[in-house]
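Per-chain numbering from 1; labels A, B, C, D and E assigned in written order.
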Amino acid sequence: QSTDVAIGISGWTGFAPLTLAKEAGLFEKNGLNVEIKKIPQKDRHLAVASGAIQCAATTVETFMIWNANGVPIKQLFQLDMSYGADGMVVRNETGSIADLKGKTIAASAPGTSPYFVLAWMLDANGLSLDDVNVVNLEPSAAAQAFVAGQNDAAMTYEPYLSTVRDNPSAGKIIATTLDYPIVMDTFGCTPDFIEANPEAVKALAKSYYEALEMIETDQAKAYEIMGADVKQSGEDFGKSASFLKWQDAEANKAFMEKGIEEFYAKAGPLLEKIGIIKSIPETSTLIDTSWMN
Amino acid sequence: MSAVEIKNVGRVFPARRGGEPTVALTPVSLDIAQNEFVTILGPSGCGKSTLLRIVGGLDDPSTGEVLVNGIRVVGPGSDRGMVFQSYTLFPWLTVAENIAFGLREKGMPKSARDGVVQDYVRKVGLNGFEHHWPRQLSGGMQQRVAIARALANDPAILLMDEPFGALDNQTRGLMQELLLDIWQSERKTVLFVTHDIEEAIFLASRCLAMSARPGRIKADVPIALPYPRDYHLKADPTFVDLKMRMTEEIRGEATLVA
Amino acid sequence: MTTIRRGRYLRPLQPLPGAAKLAFGFLFFALFVAAWGAATFGGFVSPLFLASPLRMVQEGWSLLTEYNFSYDIAVTIWRVVGGFVLAAIIAVPLGIAMGAWKVVEALLEPFVSFARYLPASAFIPLLILWAGIGETQKLLVIFIGSVFQIILMVAFTVGQTRRDLVEAAYTLGASDLGIVKRVLIPASAPQIAETLRLVLGWAWTYVIVAELIGSSSGIGHMIVDSQAMLNTGQIIFGIIVIGIIGLVSDFLFKAANRRLFPWSLA
Amino acid sequence: MTTIRRGRYLRPLQPLPGAAKLAFGFLFFALFVAAWGAATFGGFVSPLFLASPLRMVQEGWSLLTEYNFSYDIAVTIWRVVGGFVLAAIIAVPLGIAMGAWKVVEALLEPFVSFARYLPASAFIPLLILWAGIGETQKLLVIFIGSVFQIILMVAFTVGQTRRDLVEAAYTLGASDLGIVKRVLIPASAPQIAETLRLVLGWAWTYVIVAELIGSSSGIGHMIVDSQAMLNTGQIIFGIIVIGIIGLVSDFLFKAANRRLFPWSLA
Amino acid sequence: MSAVEIKNVGRVFPARRGGEPTVALTPVSLDIAQNEFVTILGPSGCGKSTLLRIVGGLDDPSTGEVLVNGIRVVGPGSDRGMVFQSYTLFPWLTVAENIAFGLREKGMPKSARDGVVQDYVRKVGLNGFEHHWPRQLSGGMQQRVAIARALANDPAILLMDEPFGALDNQTRGLMQELLLDIWQSERKTVLFVTHDIEEAIFLASRCLAMSARPGRIKADVPIALPYPRDYHLKADPTFVDLKMRMTEEIRGEATLVA
């Protein structure tokens, strides 16, 4: 019989293979009865804690935050890397990020990826969050408000980043994850679930890689399916997808062995500094790659 | 045995924040015989309602006690029916249901209730109005239902606190005659509070006048006029004399500023 | 009442004939839509900020026909009604008990008075933790937003029952429980129904909050979605739909109350 | 009124002595905190889901001393009061005009009745577009949430002015404008103040919604911040602070009304 | 010239949804001389208030017209003071401010108002209560202020619609004497509606009885009893006779079910 799994994601393009795996029947084929729930990133850990979902996709540093704040969850495999899909938009007269001192920047709530990216970018430019006024707005609202002339800057991601790209008079994209390759997503489940369902964990990974395969072999149909989920045409979806890379099994292995540790070495202290976490957890407690064996 | 024995009953309302306690009633004693129709006259605020409420069991005396047919009053009960000045029909019940209220509380089955209700509907002349709601009735009609409702319980005593006070003069006259009719046929003991001297004399077999606040009984006048009475009596010289006498009793008590 | 000649309708409180009333009411709606149309079609406001009335209708139509918006409407209605019924089931008996027995009132009143000011929306993070992200959580938002209000208002109504009716019932031989069941409750029933009507009106505003934050269906969710696409036409359509639903539910409730309590008509 | 012997306080509507009332009120709060404490300290509820009372107090203390939470409180209060005053300034005169002149009422009443059901929270996406995420937007949320309610309730109050007082004024030679200024307005003033008090109570719940979305300060913003750290202690503290503010504002308003309208005391 | 000429004045209230139009008043004609004290008796709903309101300009007649001192009534005005049964003092004004209300509307300066107010406060015996609010006064005191307020405007005519209807009998008696005192010293024309036959006769120089709905005037009786009158008059045989006569006139009109 099949195992029930509830997965929390958002409409982010990088997570779309999960949708594809569900819509194309890959999960089902692998003995999983998956329910996909769209939950804003700032609420997703609450849903995990409440038991409403067992697995979630989110950015790598978010897993650290959740664990540090009492929601145990372990990353199983990497989903994607953002190549320019996340970024900061500013008014045309802003020369550099350092010029944002004292300005108002819209970003999603603390504990979310845009907030983290903002902190990172500011940090890299000699500013801190205290030097600017951060207003919490979800990435979509942040982009739209920015285009409408509100705020001095905004943190957002695709497809909303393109809204700014298409309105050059409103502002410009000053930095993306091409400049700061710090946004990558992984997929994780609660330790309880992993322990109780080792087969299901394998099946989840298997389904994901099958979905990636399908994107390779039948891209048009795959984009069609994934686009429909976010009310986009296959073509538009393709555009959004061009700003990121889905990570295959091999890339994942490399990342889990080395890349993630390097990333946490930098992200951990930053998160601690900005007060999102109170202590930095061991990386080993944040991942579980036992399914690979 | 007296129907009602009021023994040294007084009432003091405790002081409200920073005020003085209100002496509503200085201790009064009073015996009311079976089947008497006693009316109580007195200026506003002299404690008439307080006395009636104590007899009805709705208020506790500060001193003294009330015996009804020899039994001490400790609370309200269906042996003492009350009719109030304000219209107290239950607005969500029809005329018939209002009259049946007490019987229902007693647990009388519906079939038995219907007979009693029909009987009293007829006695107060409201045939055809059984299924009307109170709001569809005039003030006079409502008070007639209230009287029927109190009587349906077959109480030993009827306590009436200015029941016709809110009615216009003509309706009032008609209600007085109706009430006397019922009293004569049902033979109840009645304690009836009113401001209206004419009414007090017209109805009473015995008329009490209370003094101004705090009240005590300052006159106790038997009204020897023969029953049945009708409105012509009000022009009778004996009646007019009695009225002047009671007017003088009361008048000293009421002051313009009261 | 007052019927006075000369410059009639400039007189304060002077009632208007029914037909004129209707006409004026329509007039203002027409003016409003005209002003909106002028602002948008005339190009005074960028379509980015404000969709034209026509655009709004088109968007609404496509929502209904293509995006299965009627399902969202149904979900929203179910949430409000569900949470509200839950609140009423708990609150009405409690309110009656508080109104009837002052001991219960003394015990609960200060707490409920305080709890009434706790904003339901602020509970959303806690509710997600406690109840997950399913329907229970949304129902609970409505529940928290309504339950304390209903308790207080019902308790007040019951406590205000005409004392003379209660005393009349006592003199007719009613027992204490009889007073509660056959006097306090029926006497308060129309006002309780009125309270429920009022609170239901507020519940429509709470549901949107619950749906703006963490949900995948419902009118509020549609509005958030539209925001992402900068589709002001859809947002306005959604707002208007809620307004209409509120109006209709209010009307139905009023009609039901009139039917249920014919004796209390003015 | 009714003073009846035997089993006194089990009797419906039987009032309690003041001291007992106070004691019972405290008792329930104490019981509530005790139950909360037992659940959390006893380990029946994970601290993740629900902070203990002690934890809540500690968190609150650190918010106040370390995180300058009093500034957030001040911001929230300013927003509510600002939006509310704005609404009152527009709504009270309009409501009076509607209540006084039936022509104005016929014109506006249907529109306002409808607008009242438009949930202020659903406007947030539009308001962010129109007014950004600054103070204006937050004031507007409160404004939209209050203005229609005030208009309708004031209009109703003024329209309900005792006709006999109006007629008496006419027979004393009052002009139409005199009636409005010297009868309708003073007669309605206490009820208008009461309306404002009620609506202010609701405004506290709207402000949190406005602050949950698009803000960088305020109690609602603090709650969003705490969510990341799963700090239920802070969230609960924030909710309780709002409750207390609501209670205090209500109390102040009541006291002010009593002072302003001594003639209307019961 | 007559103080008031009522010419063929009738009033029909238009039908409400699906109902019949209400004929409140069949056309009546009536002349009232200067300084007359006219009382109007009649069963409930016969149109007494309607007639008074039309004279006061608060309601429009469906037919006919009213002339006051030869001038056609087209609306309310300070030349016709009114006192209502319900207590219509402005609750937000003190006694003095209530009495001054009409003067203020006229634009009289404060200093001039104060004198008039003081004068009327004294006339109705309320010295010391100038700065009380209405809620602090008893019903009788409130009605005295209402009378003072109407008189302060110095109207030609005083229209009174059951002004003592809500007062208790004793207070009522005292108010009647007060009103007669004022009437005799101020010499106003008074049109006074009441349900109380005794009151109607006691006050009037001329007493009208109206028939049941729709109203018309069925008796017009001059009351030749000498002024000044006091309460002893009510026991006078002439008074008692008049009263019986008016009672008979009215009684046929009132029915229990009305």
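The criterion applied here is as follows: a contact is a pair of C-beta atoms (placed from the backbone, for glycine too) under 8 Å apart; a residue touches a chain by one contact, two chains touch by 3 or more.
Since we're looking at a predicted model, the values are computed, not measured.
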Problem - Required steps from chain A to chain B (each step between touching chains, minimum) - result: 2
Practice task
Please indicate which chain is farthest from chain E, where distance is taken between mean Cα coordinates of the chains.
Solution key: A
Exercise for the section: Any chance you could check whether A-C or D-E wins on number of contacting C-beta pairs? Expected result: D-E
Fill in the blank from the handout: Expressed in whole Å, how far the mean CA point of chain C lies from that of chain D is 16
Exercise for the section: Averaging only over C-alpha atoms, locate the centres of chain B and chain E and give their separation in whole Å. Expected result: 32
Completion exercise
Taking each chain's centre as the mean of its CA atoms, chain D sits from chain E at a distance in Å of 47
Fill in the blank from the handout: Note: chain E residues in touch with at least two other chains are 57-58, 75-76
Completion exercise
Residue ranges of chain A touching at least 2 other chains are 43, 46, 49-50, 138, 141, 144, 148
Problem - chain C: positions in contact with at least two other chains - result: 1-2, 48-49, 125, 129-130, 167, 170, 213, 224, 227, 230
Handout entry: Residues of chain A touching chain C in the complex
Key = 8, 37-40, 43, 46-47, 49-53, 138, 140-141, 144, 147-148, 160, 163, 231
Handout entry: Residue ranges of chain D touching chain A (in the complex, touch as defined)
Key = 47-49, 125, 128-129, 132-133, 213-216, 221, 224-225, 227-231
Handout entry: Parts of chain E lying in touch with chain B, wherever the complex brings them together
Key = 43-44, 125, 138, 140-141, 168-171, 173-174, 178, 195-198, 231-232, 234-235, 240-241, 243-244, 247, 250-251, 253-258
Exercise for the section: In the complex, go through chain D and note every residue touching chain E. Expected result: 162, 164-165, 167-175, 178, 182-183, 186-187, 189, 261-265
Problem - Interface residues, chain B side, partner chain C - complex - result: 56-58, 75-78, 80-82, 84, 86, 88, 90-93, 101-102, 104-106, 133-135, 146, 149-150, 153, 159
